[in-house]
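Listed next: structures, encoded as structure tokens.
Each of the next two complexes has subunit A plus one other chain: subunit B in the first, subunit C in the second.
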Partner chain A sequence: MKKAIILLGCPESPSQTPLALYASNKLTGMGYQVTVASTPSAKKLLDVSDPEEHYVKNKTDIESCLDGLEEGDYDLLIGFVAKDAAVSYFVTFYHILNTKSLALVFHRDQEKLDDFENSVRESTQATIASARAYHNPTPLRVRLDRTLDKLIGSGPKQDKPDMDEQGDS
Partner chain B sequence: MFCLDTYLRESEDYEIHMTRSGFKDCARFIEKNAPEVVHVKPGEKIVGARIIGIPPVPIGINEEKGTIILPYTKPCYGTATVEIPVPVEEREKIRAVGID
Partner chain C sequence: MKKAIILLGCPESPSQTPLALYASNKLTGMGYQVTVASTPSAKKLLDVSDPEEHYVKNKTDIESCLDGLEEGDYDLLIGFVAKDAAVSYFVTFYHILNTKSLALVFHRDQEKLDDFENSVRESTQATIASARAYHNPTPLRVRLDRTLDKLIGSGPKQDKPDMDEQGDS
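Right after this comes the complex of A and B.
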């Protein structure tokens, strides 16, 4: 079975946790064994949101995961990039794993969004899905669906109507 | 073996030049202020810790003071620039993994 890792940074943005559950569910449906590597606070949000681990079965601490990480450990890297530190973590995981990668770049501020996107583009060959998003996960969810289907190929149909796609602040 | 995380927890003999900054600002600080700069790949193990950042990641070496200056990133706090004393063999190891 193919393995995917999802990186969660600081859970400051309310969009991150629901999107992580959504992405994990989607990847599981595409046949991946999914691991979420996160900060302790992001993990607590996942624990409470998914108490019976229907959506995320494997969780690990992002720093200890990085410490033991080797090329070949995962077939797909997906990173939530909403802070400068998250850019650094994503780029570092990318260069160690050297595998198919997708950066989900989001921020409420357009200037920061552009800056994070440029940093990822200049230092990796990862696919990028980006959107202005903060409270509303839909803009990034729509781009995640489109990009994952393009990157991996269509899995079981899970797309919902593209309602409320406008960014928020 | 020298371990950066343990060292920062257990010692007070280090200097933080920048804190809660962006990686690029910290990298610029190292490039500008370190007498010698070695560039390494992100993920390289430096003083027992994976170096986190955007390539090429600069590590400053001050042979006279016996210190190195490196970017130190935590997910919620951004990047700091930390200067720590390290044994000569650790400084040699950094030069050995340099990509310059």
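Right after this comes the complex of A and C.
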């Protein structure tokens, strides 16, 4: 089974935790075993959001994960990038894993958004999906859907139409 | 089956959507049929967080819900109160439903927290659980657990220990 890792930094935006649950569910549907590596504050929000662990089954601390990380551990890297620290995490994981990678860059402020996007672009060759997002998760959710479909195609378990894409396409 | 309604205003805090999913799951486990009445922006975050509808099965627009609301429609009212508009919604639903009610008051700023708490106290006799909360959902989650257990007691489906309470008690 292919393995994906999702990186979550400290949650500034109300959209981050919802989008992390969504991405984890989508990747699971595409046949990935998903791990979410997060800071302690991001983990608390995941735990409260998903008390029965329907969407995120594997959680790990982002620093401990980094300590033991080696190339080949994961087939796909997805990073939520909404702070400077999150850029650093993404770039570090990217260069260790050396695999298919997607940075989800988001912020309420356009200037910050451009900064983060440029930082990721200068330091990696990762695919970037970016959108202004704070309260409204839809712009980033739509870009995530489109980019994932291009990056890894429809997985083996996508027999039924994806209701979440119908609403926006 | 007893019916509960959860009110969600516009999401300022990263904790609101996670706590709404948590509360809905907890009430369902206590034997309630749960409806979440929310503003459109709060609904988008719920939809993205819970794409398979494991936690929230019934969603409605808060304004439309209010239009047709009558005493007896719900047995329990829970309102997330983190803005002036949310105070108004809670007070309005409270007086129409005239049933067991809990206001979850939260804000990152202590002064605002006191304001909202006083407004709810002046206009209703609802139970209040309040906590400073922004990134960290735990203080409000703990108060929600304790208050719900006092307000409605353990439901018929609570056979196993509640793992979410063990962590904090």
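The rule is simple: the second predicted complex is superposed on the first by the 154 of 169 C-alpha atoms of A that agree within 3 Å, B and C clash if a C-alpha of one lies under 4 Å from a C-alpha of the other, contacts with A are read in each partner's own complex, and residues count from 1 in each chain.
FYI, contacts are C-beta pairs under 8 Å (C-beta built on N, C-alpha and C of every residue); 3 or more make two chains touch, one makes a residue touch a chain.
What you are looking at is a predicted structure, and each value in this text was computed from that prediction instead of being measured.
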item: Combined model on subunit A: subunit C and subunit B, fit or clash; value: fit
item: Touched partner set for A:D50, first subunit B, second subunit C, both or neither; value: second
item: Touched partner set for A:S119, first subunit B, second subunit C, both or neither; value: first
item: Partner, of subunit C and subunit B, that touches more residues belonging to subunit A; value: C
item: Which of subunit B and subunit C A:R141 touches, first, second, both or neither; value: second
item: Touched partner set for A:P14, first subunit B, second subunit C, both or neither; value: second
item: Subunit B versus subunit C as contact partner of A:E111, first or second or both or neither; value: neither
item: Contacts of A:L66 with subunit B and subunit C, given as first, second, both or neither; value: first
item: First (subunit B), second (subunit C), both or neither touched by A:S41; value: both
item: Where subunit B and subunit C come nearest after superposition, their Cα distance in Å; value: 11
item: On subunit A, the residue positions that both subunit B and subunit C contact, one per complex; value: 10, 12, 41
item: Contact set on subunit C toward subunit A in their complex; value: 10-19, 21-22, 25-26, 41, 44-52, 54-55, 135-138, 141, 164
item: For the subunit A and subunit B complex, residues of the former touching the latter; value: 9-10, 12, 39, 41, 62, 66-67, 69, 83-89, 91-93, 95-96, 119, 122-123
item: Subunit A contact footprint on subunit B (complex, rising order); value: 22-24, 41-43, 49-55, 73-79
